[in-house]
Structures are given as C-alpha cells and as structure tokens.
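The data blocks that follow each hold one structure.
Each of the next two complexes has chain A plus one more chain, namely chain B in the first and chain C in the second.
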Partner chain A sequence: MAACTKRLDRFIISLRLLRNLQLQNERFLSTSQCLRAAGNDSESPKFVPPSKPVIVDKTQTVASLRKFLSPEFIPPRQRTDPLKFSIERKDMIRRRKVLNIPEFYVGSILAVTMADPNASGKTNSFVGICIQRGGKGLGATFVLRNIINNQGVEICYELYSPRIQKIEVLKLEKRLDDNLMYLRDALPEYSTVDPEMKPVPFSPTGEVPVNKIKVRMRPKPWSKRWERPKFNIQGIRFDLSLTPEQMEHAQKWAQPWLEYDMLKEYDTSKLEEQIIKEVQQEMSK
Partner chain B sequence: MALPWLSRSLSGLLLETASLNCQRNFSVSAVAAAIQKMTRVRVVDNSSLGNTPYHRPPRVIHVYTKNGVGKVGDRVLLAIKGQKKKALIVGHKMPGERMAPRFDSNNVVLIEDNGNPTGTRIKVPVPTHLRKLEGDYSKVLAIAGSFV
Partner chain C sequence: MRLTLQMLISHGRMARRMGLGPRSRIDMLRNILTGLVRHERIETTLARADEVRFYAEKLVDYAKKGDTDEKAMKMASFWLTEKDLVPKLFKVLAPRFENHSNSYTRLARIPNRQNLDRAKMAVLEYKGNPFPPLYPAKKENELTLINQLLKGYREDRAQQLDTKS
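Let's look at the complex of A and B:
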C-alpha cells in the first residue's frame, strides 16, 4: 500500500510538471497555432451536433430486401389498354397501404383472419398451406389447405377482399412446383398443418428456402393424372405409385414442341422491373 | 368468318321449325352439380344408422330443391341400410363461393322430419354460413363441434 501511494505521488507530481511545461510552451507559441492544436482535440470550440440515434422499430417487420413482386401485379398478355392495368395497380397499392400483404409463395404456411358475420366473435381464422395462387389484379386469389379432424378443408381467399383482416406468414418456403393441387391425392400427413403453429422466423434477405420434399401418394385413381407431362410435377414420388411402364406410357402425352413455340412466349422481365419501381415508389409515399 | 353464315343458317332453321313446334335443336345435359341423385355421401354425425357398416354406401335419392342440385344447407333424402332417411348437407366437394370452405368429401348429417338431428355430436368442421339457418336447424348447429 505504501509503495502504491509513493508511486501515485510521483505520478501526480510528474503530471503537474508536464502541465506546467505545456502551459509555458503555449505562452511562447502564436495564437493561431494554439487554435490549430486546440482544434485537434476532441473538445473543440466549434459546435459539432451529436450523431442521430438510429431508431430500429422492432414492432414493424422489415421490408423485404429481396426484390419480390407479387405475381398478380404482372398483367396478362391481352389486347386491353395498359391504362386499365395501371388503374388497377393503383387500387391494389391503396389496399396494400391499409392491409399488409406479405411476401409468400405456393408451399408457404399462412394464417388468415377474415370478418365473418356468421361466426362467433365476427372473425374467422384459418391456418393452412398455400396450394395455388391464381388470378391477376384485384381478383387475385390463393387457396389454403389444411386437414382438421381428419377432414380436408380448402378455402380460396381473395387477396384484396375487404373482409380479410390479417394475413400472416407462419413459414415462408417454396416447393418444387407452383401448383400443389396434387396434395388432395397425397397422404394426409403432407397437408396437415398445426393450427397453433408458432411463426418460424425468416430473414428478409437472401434466397427463399426451397423444400425439396417428394410427396407419397394414395393409391390410384387420382383426381387428375399427375404423372402426365402437361402438369410437369417434380414433387411426387412416382416410383412408389407407378411402374416404369406406366411412366413411359404417360410420356405419350408429352408435347415437346411446346417449349419452342414462339407465339406462346411472354417475356415479363422488363415489365416486371418497371412495375417493381412503380410499386416501390407508390408504397413509399 | 364462318360465324355469320352459321348464324344465318341457324336462324333460317329456327324460323322453319318455329311454325311447326317449339322444339329445341340441341341437347341439354344436367348442370355440373354439388350433390344430386345417386351421389354417395359421408354421414358425419355419431348416429348408429350412419356409422354401422353396410355393404352399400349411403346414396342420395332425392334433393329437396327447385333444381335437383344440393348445396350446403339443403335437405336431401338418403337411402341408408335399406331405409329412407332425410339428411342435411354440411359440406361438398364442389368449389362454391370464394371465401367459403370446400371439403374433401360430401358430408351429410342425418335428420328427422321436424329438423332434429339423429346423432348427438358432429366432429367434422362445418361451414359458418350454416348459422343463417338458425330457425330450422338450430339443434344441428348446437351439436356441431367446430366451425370453419
């Protein structure tokens, strides 16, 4: 202890000496140099405003940094005036400003609450896997499927209907196909979704996870002949339900010239970029 | 291109036949229907008549509507275990209204002539717009377990 205090005393004395030396030196220096030296310190006479605090509002979800355009914005290839589509887009954006319609794909699990005059509490909620997204413009729909008490139920919701109060994505993922109607003929375990599922956190950046699951089917007959090439289904385990001869027989209905048909080409890349810009501008207003 | 020619010829035919008889020159088939005569249905309540196995599935033999098509909330006559029984449709496979649920099977609840259900419980989810039939089928709604 005594040694420490001695060292402290010596330290303080040396500091005082240094300060005296500094003062003496400053007296001999010119004022401009003094000011320059003073300016190099952290406490300068010129007022520097404090840095703005970054407020991270965690109640609102972060807008997706992925460039995602909902498929119903892209107009179909028709002989209608583009004015009709632009007016419809304005109305869609007006609705989106009121209700947050999140980014989702076929294969994601959603929870939807809608107003129902006949239900108790006036609201009706449903959780299910999205099996199809159809329609363009304000009439865009998506079908949710779930199995409740061993009964398969599907509800086709209109995205822009004023009856819809909340759309929440519980699990964001894609599947190998963009139409999962074959889940009606698959084993029930693939369509069951827990109604009290907790939302799975997903990052707003990066790629959407693709679920490469191959579904097992019930024995034939199915509601549609899913093995035929016109459906182009990647997500079924055909080897468990069909023989290789049946698979070959299904290929008789293949139309290999279809991918080379120039009249069926519809390149939407430029249109998409234009619409994305328009939508982002309108949404930020 | 050929259409105006076709329509002209058709109108000519119609003019000729209108004088003789008002006959239709084209065939009419039944409209795509949800539940109609001879559809096999699934009884979803816990009544003994609906749940005991029989070598033939229960079939609809009459639909109590103006057209022969039965939607949710319509009364039908079933043939179950060799007897006739009335029933109420609580869900069908055909897609209907946009925001209404569509079930994977044609569901039916057995009913008496006065509208009272035969069973005591319905486990399967039932569409909420059935609640509009509060007056006639309030007892059926009371035994319903869950609404979708």
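Let's look at the complex of A and C:
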C-alpha cells in the first residue's frame, strides 16, 4: 500500500509540475494577449457566435411544394365583369410583394403586429387562433381569438390593410371545420393561446396537419344552435352536452336534397388553376 | 308577410319559388325531369320548363362522366324517380350528346292553356329526339312565278360564267 501511494505521489507531483509549466507558459501568452486587447477596448471582448450556415435544400423542388391559393383570390359567383376581379388581383399582388402574407388556415395560430398611433412604440401586436376567414378580394378579413386575463377577445383584421406590419404563423394546422365560431361557447381552455408562444417549425411540402380535436362546450344556451345540420360542425363533442333525442330533434332541420341540388354547385377547379398560375407568375416577377 | 328587407329584395336569386317550399320545389322538378328523360319531349308551364332546363342539362353533364363515377350514379338515382331510366340516361342520352358541349335541350312556347288560369305553356325537349321537329322547315314552292324567274336567272348566270372561263 505504501509503495503504491509513494508511486502515486511521485506521479501526481510530476503531473503537477508539467501542468504548472504548461499553465505558466499559457498564462504568459494569454495574459499578455488579454492585456493588449484590454488596452484597446474598454470592455472585455464579447463572445460572437459563428454565423449559422444557410441550408439550401435542393431536394425540395418547386413541384413538391404545397400549392396554396388564398381563398380571397377566388371570385364569387356573380354577374360582375371579370375585369374588376383581375384589377383587384393585381392590387392584391402588389401588396403581397411588400408584405409577406403567409399561408394559413382556420385553426392556425397567428401573431399580427399592426401600426397604432395611440400605442407607445406605435405598434400593437396580438396572438390568437384564427376562427374565420371571410371576404373576397382586397377586403378579405380574418378573425383571431384569444383569452386574455379571463376575457375572451376577438379581433377582425383585414389582410390587405396598410396598417398591418407583420403576419406570422406560429403554428400551421387545419381543423375539422371551416368556421370555429363555436369556440365562443366552448370551454375557455380551447381558445387560450400563449402570447409568448414560439413559432412551431413546419415544412412547405406535404399535407397540412389536421387537428381532429373535438371541443367540449359550456352548458346550453349557446349563441347559435350548433347542433343543427346547416352548420355541419364536426369538431364538437355533442354527446357530452346533448341527449340523443335532442340530436334527433335537430335533424328535423336537415335538408337532404341540398347536396343533390346542382344549382348550388360552384365548381372552382379550373378558375383556381388559372388564378394560381397568374399569381405565381406575377409574384416571381 | 315579409318582415325583413332581405326577404323583400331578391337580387341575384337564381331559383324560382315553386310549390309548397324548397323540398316541394325539388320534388316537383324531379318528377318533371323523370318525365322528360322518359318521353324526351314534355309540355308544362313556362316557369317549370325553364327551371327544369338547367337541371336537365346538368344531369346530362353528370351522365357524361360515366357509369362508374360514384357521384354521377348518386345524382342520377336521386333525380330519376323511375329507376329503369337510369341505364337509359347513361347508355342512350350520354352518347347522343358526346359532341355537344353546352345546350342539350330546346324550349318552345305554345299557346296558353285553355283553362281559367290561361297559364303560359312551353314544350321542353332533348335535342335528337325521334319526334317530328318543333319548328318544321318550310319548303318553298318552286312552281311560283318569282321562283321560276329566279331559277332561270341563276341558270343564265352560270352559263355566262362557263363561257367566260
């Protein structure tokens, strides 16, 4: 035991000597450098991280990118001159070249900063879940909902308003319905969005994720009778708030002939293709 | 009693109000359409014929998509109440209108109904039906004096052109 410790001691002492030599040399060099540097700046040099490498993904070709046409580009079925719609589209594209309006759907979480003359810093920002996208052309709007300090707040923004400075999609997803107005009658946990949420990364290729959540509602009365077939809502858990008799009673307002009524059909596929081409051409100019 | 302004103004409404309500309107149009597909020429009031015309043409558009298309079959079985007409639609009417792109029907007015209501009547038919035409082509009588003179003039002109060339 004693022999081992002796050898160990000698080993450690030799190591220490070596380390001291090293350290002395380093200190010699490092301190001289530090002093010289310190002499130049008043503060110690800040650590500047190396610039992040820009990754250009050549596997994602233009063909594999998801084709998305914002619904306000599609003109409604009307007797107006198509010239009006083409002029409006030109103006919309002009605005889009200045402000990037990203792809988003009803149910995605957005953060919008808008110019406000009365706010300190001249801008105000709002984060919320998109519950409705309405309007066509330049008057297109979207409604964001959030619950702040136990108060539900809904703000309707115009996509092409010059006051809007930034629209950022924090989470891109779709829901089972096109209109989430029933969140007003749902439990508050389904409408709360964290205002300091970090953006969730999403890929520009592939399908948009569909959130198949079924929302729980507050007790009746609701603002609208969401169980009626005219709203055609898939995203509510009716079995928790309504009896089967009430569901059957709601089916009395069903109009089964409506899906076969050819007058109500508006086939937009060809129009959409044309408009997508036009928009992509103009945006790439 | 129209209470709201929306109910009073009907700008841009494409569908007429017929029968007892929307369900009744669709049922009525379904019956007329079935009769049209069976007989290929029917006589009804002008308003009903005008409404059915749109649905008849759309039905042929769906039939052109073919037998195997699920949506087309569902539409055909909904709109044709007599199910023996569904194969007729797909096998007779669809091939007949293969080369036509838009108008498959013809609407012609008739003298008003002789009842007390004096309703405007019309005849709606699919083109290419086996009956004699609604607007018969009038053949001009060649043996009238003017026609004979014109015939002679045409023959003289033809002779002159032959001698010149």
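Here, the second predicted complex is superposed on the first by the 221 of 285 C-alpha atoms of A that agree within 3 Å, B and C clash if a C-alpha of one lies under 4 Å from a C-alpha of the other, contacts with A are read in each partner's own complex, and residues count from 1 in each chain.
Simple rule for what comes next: a residue touches a chain if its C-beta (ideal position, glycine included) is under 8 Å from a C-beta of that chain, and two chains touch if they have at least 3 such contacts.
Quantities reported herein were computed from a predicted structural model and do not represent experimental measurements.
When the shared chain is aligned, chain C comes close enough to touch A:78, but chain B does not. In the superposition on chain A, A:260 makes contact with chain C only, not with chain B. More residues of chain A lie in touch with B than with the remaining chain of the pair chain B and chain C. In the superposition on chain A, no contact is made by A:268 with either chain B or chain C. By the touch criterion stated above, A:161 is placed in contact with chain B alone, chain C being left untouched.
In the superposition on chain A, A:126 makes contact with chain B only, while chain C stays out of contact range. When both complexes are overlaid on chain A, the residue A:148 reaches chain B alone and has no touch with chain C. Per the touch definition, chain A reaches chain B in the complex via residues 114, 116, 118-120, 124, 126, 141, 148-158, 161, 163, 184.
Residues 44, 91, 95, 98-105, 107, 123-125, 128-132, 145-148 of chain B are the ones that touch chain A when the two sit in their complex. Across the complex, chain C meets chain A through its residues 12, 14-15, 22-23, 26, 54-55, 58-59, 62, 74-75, 78-79.
Listing the residues of chain A that touch chain C in their complex gives 78-79, 255, 257, 260-263.
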